[in-house]
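Order of writing sets the labels: A, B and C. Residues in every chain begin at 1.
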Amino acid sequence: MKKTLLALSIPLISSMAYQASADELKDIKAQISELEERLEKAEQQSSEAKSTADSFEFHGYARSGLLFDEKQHGAVGTGPYMTPAGRYNGPVGRLGLEDDTYVEIILSKNITHDDGSKARYTVMVADGVETKNEWTADDSSINVRQVYAELSNLSSFSGAFRDATLWAGKRFDRNNYDIHFFDSDIIFLSGTGAGIYDVKPTDSWTTNISLYGRDFDDVESTNTDIENYILNVNNYFGDHWQFMFSAMTSPDHDETGSDLATQGIHTLLAYHMDLDSGFAKAGVIYGSGLGGEPKAIGAKGDVTEDASTVRAFAYMVTDLSQDWRIAPALFVENSDDRYAKGDEATWASFNVRLANELTQNFEMVYESTYQYMDLKEGSEEASGGFYKVTIAPTFKLNTDGGFFNRPEIRFTASYIDWDDDLNGFGDTLEEDTFANTPYDGGTWLFGAQMEIWF
Amino acid sequence: MKKTLLALSIPLISSMAYQASADELKDIKAQISELEERLEKAEQQSSEAKSTADSFEFHGYARSGLLFDEKQHGAVGTGPYMTPAGRYNGPVGRLGLEDDTYVEIILSKNITHDDGSKARYTVMVADGVETKNEWTADDSSINVRQVYAELSNLSSFSGAFRDATLWAGKRFDRNNYDIHFFDSDIIFLSGTGAGIYDVKPTDSWTTNISLYGRDFDDVESTNTDIENYILNVNNYFGDHWQFMFSAMTSPDHDETGSDLATQGIHTLLAYHMDLDSGFAKAGVIYGSGLGGEPKAIGAKGDVTEDASTVRAFAYMVTDLSQDWRIAPALFVENSDDRYAKGDEATWASFNVRLANELTQNFEMVYESTYQYMDLKEGSEEASGGFYKVTIAPTFKLNTDGGFFNRPEIRFTASYIDWDDDLNGFGDTLEEDTFANTPYDGGTWLFGAQMEIWF
Amino acid sequence: MKKTLLALSIPLISSMAYQASADELKDIKAQISELEERLEKAEQQSSEAKSTADSFEFHGYARSGLLFDEKQHGAVGTGPYMTPAGRYNGPVGRLGLEDDTYVEIILSKNITHDDGSKARYTVMVADGVETKNEWTADDSSINVRQVYAELSNLSSFSGAFRDATLWAGKRFDRNNYDIHFFDSDIIFLSGTGAGIYDVKPTDSWTTNISLYGRDFDDVESTNTDIENYILNVNNYFGDHWQFMFSAMTSPDHDETGSDLATQGIHTLLAYHMDLDSGFAKAGVIYGSGLGGEPKAIGAKGDVTEDASTVRAFAYMVTDLSQDWRIAPALFVENSDDRYAKGDEATWASFNVRLANELTQNFEMVYESTYQYMDLKEGSEEASGGFYKVTIAPTFKLNTDGGFFNRPEIRFTASYIDWDDDLNGFGDTLEEDTFANTPYDGGTWLFGAQMEIWF
């Protein structure tokens, strides 16, 4: 009986416990159900928020700062293209030479269709001024540099076109690349047109095909725009090799009766390599006629039909140790009959930038550049070298981020000098290079500058 | 006894089970409580994210592309207003004629007060250039076309004003509408001013009242801006009928001693209809004096006091079948004494655009346009027709989206021709229409273009 | 036996209940686990959405509206600097005098490193035009007024620099402040340079140090930018006191051979006070040489080496009662030898703005201004007063938000008048003040305007 009572008592407690648990379970289920509803709403809200936030993108580039010489004169005519070779795209290391405020404002809109088809629209407004003032309406160069639309992931695209991106509008070609330290694109293909990226004829061959138009001028007599049309085919083979070919035609360009080029070709062969802590690139460019302008393909109307240019480059970016980074770059160009028959121009620029990471937010940056040039235009000649050394204490969010982590706020001191023989070159030409620069012989330049891209 | 033992044993197990369950319930409750806390934070975060994302809006319009003729000359002077009738707002079908890069960047800020009162601020920066180059500082037309603020859902507004929106600033009127295929607004009311939308005197009557100012010029002698003030009342009756009335006055406009108009009226009666797969609109406009400019209400200062213009339009957009769409449009205008007494101008434009949806991302678009004109300005006369046919292979995210789904990337081939009698019209006038066009007689035009709005 | 049976039966039920509960618990646990997973995703999504949304900021200022006189002439030459004292930064109350469309578009990018280090980039595009038209390419002043980067929360910064913000680029100084009702900064420090904010040498002393450059012009003969370099130290002591000191040098500024200043100093002593329902500020400025321009520090190149200016201000913003607000402001300046030796200019402006909150969305705003001036430039003299009263019915989201809640949509009626003695001042000077204004004697001005900042 005792046992039976026990048996009775325990089940009673158990039964009471069960009653409580049933209510609790009901509560719990209600709570869970409520949580589910709230979560669904939160999911939808965060999905909408993400979708809205992702549909817009803001990107940009900007540099702005002060630059003055040892006598507190404002620097004039400096910049990476300050030497006589600048007229032939021959840059020197940019660090500590830039006096301008240049800004690019890039706005993008992403539109995604239910089936995953994607459209992307990009517009870029840019401006560049020398003045330090903050109201620059009179000096403003503000303009729309890019405005284009892209279509990708199209369900109607298959085979070699499956991953292709179709585009039209005004743009910098997606695959342009530069040597940042020279502020120089290797090639700068741009203009208004249409094309297709990432066509894959085979597994190891990717090709981009574009048609770009550029404007040279008007032919007043015929009321015709002189436009240059550039057909560009840009191929990548495997992981390393790039071969780009451009053919261009500007049939109205001989209206002026001169020996200006009306056609041209431009070729680039390049090798790209990823390194453990950086990358390396090297290549060679050859162009003739309108392609005699080797950088901004088809963009310059003042080259002769005999113009012929060879350009070569090699540069790399890599870590030297945990705290040191290095970026050496070599750029060489030889140009015949570029702006007039009989002219010849050769330059070679070597630059090295070094960074010593001292704390997470501070590094010392050093840059040294040497440029040799041998230029002959009609009776004008210049032969000699330009030298620059710069030291730049630099602040940033993360020095570990390497050479391309931005923003940077830097203070610079540079010493520049050049061979006397270079002075005066261009006096009788449209662009008067060193005559723009009041520094006859060497000078110190001091600066403070911010640079950002994102 | 066995049963009793059983009775004992089961409750014991049950009791043990209960013990476990109590811990689990405690666990579960803790988990739920933790989930609730996390959910609350996630809700708040997603609410903040949504609120931040929604407070900003990016909208835009852009078109950009290449256009050249059969000899690879850049197209000049083309566009929907290329004919002599263009001087009288007489457009032809736009497809395959546009050579420019035009872009509108629209940024909006939404501010919502706790009680639901809403403010919305909009600024539009726009630019239009012909050049294909990507640095257009010298040709840039970049400017601020709109900047205005709106207040709505105001708790102090009630009765007929309950749903009203108050606005002030510089803007395109909210209720402007166009015939897209002509690149022509039916009416284009714009300027700087203030007004109120969506006042509802009765259930079936909605009215908008605005005061806009426009600038014609300066009167040098009196140091006064010549401004034209336009009072506009725009009424909607039921679901279909629109009646808009504008009265305008520019008291300083006779300072020049000419017979320029100083006052004007402008009226529009229109019928709007939704179709199963599109819409239809038709209407008639009459204006006199300053209202003699029938499209851009009160925007033109060069119309005479006797100017009198009648304009009529009818167009529709509809599906023909599952894969075919059509958009016919008719535009007619007659103008007396518009720019000088005794002048008379009549034009009629008919355009039809057809689309054949071939895949989700590709359609063939066809456009055909015919414009007749009979123009007399002083001793200048032009009478005859302009013809255009265009074929445009077109890529987009979704061809099912209809005529207004964007972006589109299109390739165009157009043949244009016109009656010889039209050549030279305008030679002695300020705008020299066909003399801007080097195509004497017919020509083919080839193009590639993107167009987007969002 | 009965009991035993009971004992048996209850445990059986209990046991069954337990079985159900175990399943349910399993279910519940699964549900919770699923919720947890979904919540984690939602958390991540909302975190990403928030991060994306927060990384971009859109800010702006804009005003736009109509202003015409009693004869419906467009207002010309009005605005807070319309009087002869305007040439000496002497403003009158702005309400009801502004005829322009001025807009600032400000875009910011926030970049946060994992360790909390922050970078912030800001670019401002601005435009100001008088025309009421909506296509203003010919009148456009659009330009980039600010573009700068800031670094803060740097882990490498400690001690007095722990809360410091480092910046470089083109900017308006962060700590500028204005008397909104005069549309006048107390001081307006701006230009291109670099600096550091919020250095805290002691608990009660915060200091900002900046170097700004400004451009005056070019020296053609030496091919040098004439730049003025301004070293600015801005100190805050305790909660109330501000002492700012600027030294400036423009060594090339005497190249013109005139008596233009090549150096200058500028000082500001100010007292800031928070009130229960507003704030009050008062202070005094002294500057000499290039600092003789007391507002836009170092921005004006046309001041003489003997220029010496004293400026004082006092203003406050406060509630008078639940429905009334008041903002009185006093501004006084005396300037010797400012633009030429021997000149002397004194002005004093008193303005009071009153607001009567009638509903949540509507208030009546009143403004009254009196400006006295006594100006002598060579043989030109002007002495007397300018008077203005304005009444402005104003709509906004929330009148409780005070004087600085925006947007506002306001309608204004102003009566302006001035002493005859002021007419013609400046006729022979570069800026011809009242001669720009066709109102000889008093006139009514009527306007409609929106104003916003966010």
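The working rule: a residue touches a chain if its C-beta (ideal position, glycine included) is under 8 Å from a C-beta of that chain, and two chains touch if they have at least 3 such contacts.
The structure displayed is predicted, hence computed values, not measured ones.
Asks: Check every other chain and keep only those touching both chain A and chain B; list them.
Replies: Common contact partners of chain A and chain B, which must touch each of the two, are C.
Asks: Would you mind working out whether chain A and chain C touch using mostly the same residue numbers, over half shared, or mostly different ones?
Replies: Answer different: the two copies use largely distinct residue numbers here.
Asks: Chain A to chain C: how many Å between their CA centres?
Replies: 34
Asks: Show the residues in chain B shared as contacts by 2 or more other chains, in ascending order.
Replies: Within chain B, residues 4, 7-8, 10-11, 14, 18, 21, 28, 32, 35, 39, 42, 45-46, 49-50, 52-53, 56, 125, 142 contact more than one other chain.
Asks: Can you tell me which positions in chain A touch chain B when the two form their complex?
Replies: Residue positions touching the partner: 3-4, 6-8, 10-11, 13-14, 17-18, 21, 24, 28, 31-32, 35, 38-39, 41-42, 45-46, 48-50, 52-53, 56, 107, 109, 111, 113, 115, 117-119, 121, 123, 125-126, 140-149, 151, 154-157, 166-172, 190-194, 211-215, 222-227, 229, 249, 251-252, 299.
Asks: Touching residues of chain C toward chain B in the complex: what are they?
Replies: Its residues touching chain B are 4-5, 7-8, 10-12, 14-15, 18, 21-22, 25, 28-29, 32, 35-36, 39, 42-43, 45-47, 49-50, 52-54, 56, 58, 60, 62, 64-66, 68, 71-77, 101, 103, 105, 125, 127, 129-137, 139-140, 142, 359-362, 395-398, 407, 409-411, 435-438, 448-452, 454.
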